[in-house]
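Before anything else, here is the set of structures, which you'll find just below.
Both complexes shown next keep subunit A, but they swap its partner, so subunit B is in the first and subunit C is in the second.
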Partner chain A sequence: MKSKTNRFGIFYLSLFFVILYLPILSVVLYSFNASPSTAKWTGFTLDWYRQLFRDRVIGEAFAISIQVAILTAIFSAVLGTAAAMVSLMVTTKMKQTIQRMMLLPLLVPEVALGVSLLIFFNALKLPFGHLTLVLSHSLFCVPYVYIMVLLRLQEIDRSIIESARDLGATKWQAFYTIILPLIMPSIVTSSLLAIAMSLDDVVISTYMSGPTSTTLPVHIFSMMRVGVTPKVNALCTLILVGTFFIIGLNQYISKISKNRGLSK
Partner chain B sequence: MKGNKILIALLIVIAVGALIYVNINRSEGQEAINLMTWGGDFIPREIIDQFTEETGIKVNYKEVTSNEDMQSLLEANPDQYDLAVVTDYMVDILRQNGLLENLDKSKLPNIKNINPVYQGNYYDENNEYSIPYAISTSFLLVNPEAVAALGAQPITSYKDLWQSELKNSIVLIDWSVEIIGLVLKSLGYEYNETDPVKVSEAKERLFALKDNIVRFETNTPEDSLVNGEAVVGFMYSNQAVKGQAANNKLQPVFPEEGYPIYIDCWIMSKEAPNKDNAYQFLNFIMQPEIAAKIADITKFTTPNKAAEPYLPEDYRNNPMLNLPDEVAANTSFYIGVENVLEEYEHIYSEFKLR
Partner chain C sequence: MKTLKRNVLAIPFLIWFGLLVGIPLVYVVVLSFMSRDHLGNVVFRFTLENYQKVFDPIYLRVFANSFLLALLTGFITLLIGYPVAYITSQLEPKKRNLAIALFMLPFWISSLLRTYGWVILLGNTGLINNVLLALKIIDKPIPMMYKFSTTLIGTVYMLIPFMIVAIYNSVDKLDRSLLEASYDLGASKVKTFFKIVLPLTIPGIAGGFTLVFTPALGLYFISDLLGGGQTIFLGNLINTLVNRGRNRPLAAAFSVGMILLVTLVISIYGRITKDKGEGLFQ
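Then we have the complex of A and B:
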């Protein structure tokens, strides 16, 4: 009986992954297709990759996207962690209010958020470009950091912090030597998530980028009028490889820190 | 912790590298124009580079994904953008909202090259605000051999799509206004009809087409014809061109009832910060050789009549790209989409759920 359910489980799981990953695999496959159409397979080529690396516009857009994503991740990691720390110190009612306020940007439709940010930054006379992109991306990345860090913070035994304070640590020392190392894995994971979210965004970026800073996803989407070339398949494949690399790195790091934790 | 530090260090290195890369590619304090429109090669970088080389004016190209995005951006920051390319109906909206500059023709001597067939349309009757740039149409792409093999009559009009022999062999672009427009045309009516009697007649007729449709596909409908899944498709001209390039048995059919046209036009913001440079740019791209090069790269129909001798032969001989004037005369615009959209979307979703 047990082996039967196992077999069904494995079957279900493989079906699940096939359906999930087949479309992604087809992108990888077609990035090597000699014909520009996806209707037929006409032979293997690396031409699309060559064209991709020669494409100055994609290179610039990618550089802008990466900058914005990393700055967003750093900015929202600081803000989100601070907010999580604060909500640990205040009353339960206050904490609930903070939590609801935090989730709001995730619930408002992106277009509405984009247009209202456009009007807002315009009223502030901020020049549209990197700054507005980072600020607006942080708006929807901070909640993720906040939630993940808060969950971790709640798991920490308060007596550790109290004993540190008893032994003469200042508030800052207690934070820096006790709390920060404990919540670091959550901060790193949520920052990686923030990078992914920022790299992903099209709608808000369209409104927030100035005349000179087009991000990569906006560039790809804006190609629709002329038609997407297989260069984009090649690009997607490279992004996929990059993503796997980051995920792998993240797991490797958490493995190291876990091992280290055990040896102590 | 050590691993985390490595990761953070890595991210900082990437960020700094990217920052340096972008700053190398940017030179400040130069003469410039800011233009905004769809990306990719809609305005080929080759042409932009050539313009910058000849005039020393830098072109900042902001890429957006839709007409509506351009509208919001122009309304919020009219003084940040000089030029934009928008589709016909959007010219009308922007004009009514008072965002457009009345173009000074004395600074645009090359405007004489523009074919009058594509001027003076409803969105700009007196050619004050817009210059046509790229033209596309939609029509039927047909595989005549496959149609005959199914035992159906040759296709010359929309009416022929309802033949029962064509079961599961039509591919359509997936937009309510276009598809209901096709049905309205087949009944001899005009696009975006609001008369409820005519609309309900079209609805019934639309539902009768359902069995013949094998796929709705907006991005690559031509692939269904190339791989043989469909024998006839209704699609945009640039898609049909790609389809024919992949399979030369496929032929365009301009239905006798008429077909839609979309004209993407240059417009100038009323508060454009670099008007003189923008005029230079507009005049530059209306040169016959340049217009021909743009047409060849983008595979849109050029409104530039004088460009014809400079077009490559395969473009010039392709009726889907180099539209004969009489073919262009049988086209109509989708006017007043906002008045019918809700009703048409409703009918269309009912149709798709059947």
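Then we have the complex of A and C:
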């Protein structure tokens, strides 16, 4: 059925997208404003970006965020993939348990999750820093890897694995040479998502950061609380560029790996 | 015995989950019943004082604020998002993919940036006031920041992609022949929508509502940046109690309250989707 969407529909959709992107674009726009206030546009400048690169605190926060994001992505990729594999091997009941476990961290409000982890790690006398950040970030990253890898695993044509086993491959050989390459795109794209989510997290990171391990979003939040400065705009714009780079990478990977070796 | 051996493989995940979610949550519940000494340190002595405080009118107000904010966020994202999802599903494939990409993209973009964008737009010297002043529509800036409604704009804006995706998945699965049958039998477009499309997409609406309601309760950076602390919400209160007040037992009691509120919403969602066989928890 071809239904012709009326003009009003198109107008509504366009208006919605304009409003959706207007705040983002205005942040970018004012990062180039020579005036430190948004009251007037006084000309184009790159000064705010220069100031940014000279700011050592931001540089350190950025380095910590990147380290945490990469460690989180690796940890989540391993744990999430293993959980997806395992949930196809255990009993149906256990599979359901694992699935519920994966959903719970996404359903509990982040503040409650952050506070509970803060109180718990405090009681354990665990030093707040990279370790606590990676562990807490894994809570909202592992579930995504798990879901995306599980979906892919369920699409794999079982007969490929059976024929490999018939031809004498061991279980591990079958895993390395057949299953892993097939699920790799899902692992990589969900890891990229994990990096993006870890780099973006404010709420949990506020509780998990140690005195010497402030992440970039936590630092940006404290800058924003003080007030509007074009430096924040410039920083946000750079992060946006980084985000688009990750999205581009993600699109590229899913394009080259589309439907390779799947049953459909 | 063989099934037991198979389930051994799941142990690492049970440990991961137990250490990071299970035990901390239980510990929060325990802590919410603990008292503090005169220095503010936690003492392991049972008390109901924290929960009595939660029911103090001043604090109940905070609960009411948060509940109202989350509820309104749910309804407004539904009202704005439903047409977006529905119209998108009616588009030809090329345009549809573009629209999907456009409403998915914000998921990737920093939530701080997206909140800050509204500070730039709505401030007294912000873009909207600048444009209105320049066009001589107004002669002095309209104050738009630091209100309950400013926070509401922020939460709606932040969470609407969740609502759209949930509804879109539901609308997309609709059996088109049902619509055609309805038209053939003489029903108008409007009648078809309310009698067929809307009832069939209730699970999507409920799912979207759950996905929006939960974060709306706790996104304290939005109310901090846009609401300026004028209205106090649960997230801000818990945050303040933990960081500045050092009253962790009370913060724990509020966290428990928050989780109970979310549990209530999720159980309603479970009820709604139970017989339709397409819930989140299959």
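Simple rule for what comes next: the second predicted complex is superposed on the first by the 232 of 264 C-alpha atoms of A that agree within 3 Å, B and C clash if a C-alpha of one lies under 4 Å from a C-alpha of the other, contacts with A are read in each partner's own complex, and residues count from 1 in each chain.
As a convention for this text, a residue touches a chain if its C-beta (ideal position, glycine included) is under 8 Å from a C-beta of that chain, and two chains touch if they have at least 3 such contacts.
Note that the structure is a prediction, hence the values are computed from the model and not measured.
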- [ ] Answer with clash or fit: subunit B and subunit C placed together on subunit A by superposition.
- [x] clash
Open item on the list: So in the superposed three-chain picture, is A:Phe221 touching just subunit B, just subunit C, both, or none of them (first/second/both/neither)?
Closed with: both
Open item on the list: Once chain A of both complexes is superposed, is A:Leu71 in touch with subunit B (first), subunit C (second), both, or neither?
Closed with: first
Open item on the list: Just checking: does A:Glu60 make contact with subunit B only, subunit C only, both, or neither of them? Give me first, second, both or neither.
Closed with: first
- [ ] Based on the superposed arrangement, let me know which partner A:Tyr207 touches: subunit B (first), subunit C (second), both, or neither?
- [x] both
Task: First, second, both or neither for A:Ala194, with subunit B first and subunit C second - done: neither
- [ ] Look at A:Ile256 in the shared chain and tell me whether it touches subunit B only, subunit C only, both, or neither; answer first, second, both or neither.
- [x] first
Open item on the list: I'd like to know which partner A:Val27 touches here: subunit B for first, subunit C for second, both or neither.
Closed with: second
- [ ] On the superposed three-chain arrangement, identify whether subunit B or subunit C touches more subunit A residues.
- [x] C
- [ ] Using the superposition on chain A described above, determine whether A:Ser37 touches subunit B (first), subunit C (second), both, or neither.
- [x] both
TODO: Considering only the touch criterion stated at the top, classify A:Ile239 as touching first (subunit B), second (subunit C), both, or neither.
DONE: second
Open item on the list: Running through the overlay: 24-32, 78-86, 240-248 or 258-266 are the candidate stretches of subunit C; which one clashes with subunit B?
Closed with: 240-248
TODO: Indicate the residue numbers of subunit A shared between its subunit B interface and its subunit C interface, in ascending order.
DONE: 37-40, 115, 118-119, 202, 206-207, 221, 224-225, 228
Open item on the list: Taking the touch rule as given, give the residues of subunit A at its contact with subunit B in the complex, in rising order.
Closed with: 35-40, 56-57, 59-60, 63-64, 66-67, 70-71, 73, 115, 118-119, 122, 128, 181, 184-185, 188, 202, 206-207, 209-212, 214, 218-219, 221-229, 249-250, 252-254, 256-257, 260
Open item on the list: With touch defined as at the start, can you tell me which subunit B residues reach subunit A in the complex?
Closed with: 1-4, 6-8, 11-12, 14-15, 18-19, 21-22, 25-26, 34, 36, 38-42, 45, 60-65, 69, 72-73, 76-77, 80-81, 219-220, 222-224, 226-227, 238-239, 242, 246, 264, 298-299
- [ ] Enumerate the contact residues on subunit C facing subunit A in the complex.
- [x] 3, 6-7, 9-10, 12-14, 16-17, 20-21, 23-25, 27-28, 31, 80, 83-84, 87-88, 90-92, 99, 102-103, 105-106, 108-114, 116-121, 123, 125-127, 130, 157, 160, 176, 179-180, 210, 214-215, 217-221, 224-225, 234-235, 238-239, 242, 248, 251-252, 255, 258-259, 262, 266, 280-281
Task: Complex contacts: residues of subunit A adjacent to subunit C - done: 1-3, 5, 9-10, 12-13, 16-17, 20, 22-24, 26-27, 30, 37-40, 79, 82-83, 86-87, 89-91, 94, 97-101, 103-105, 107-113, 115-120, 123, 135-136, 138-139, 142, 196, 199-200, 202-203, 206-207, 217, 220-221, 224-225, 228, 232-233, 236, 239-240, 243, 246-247
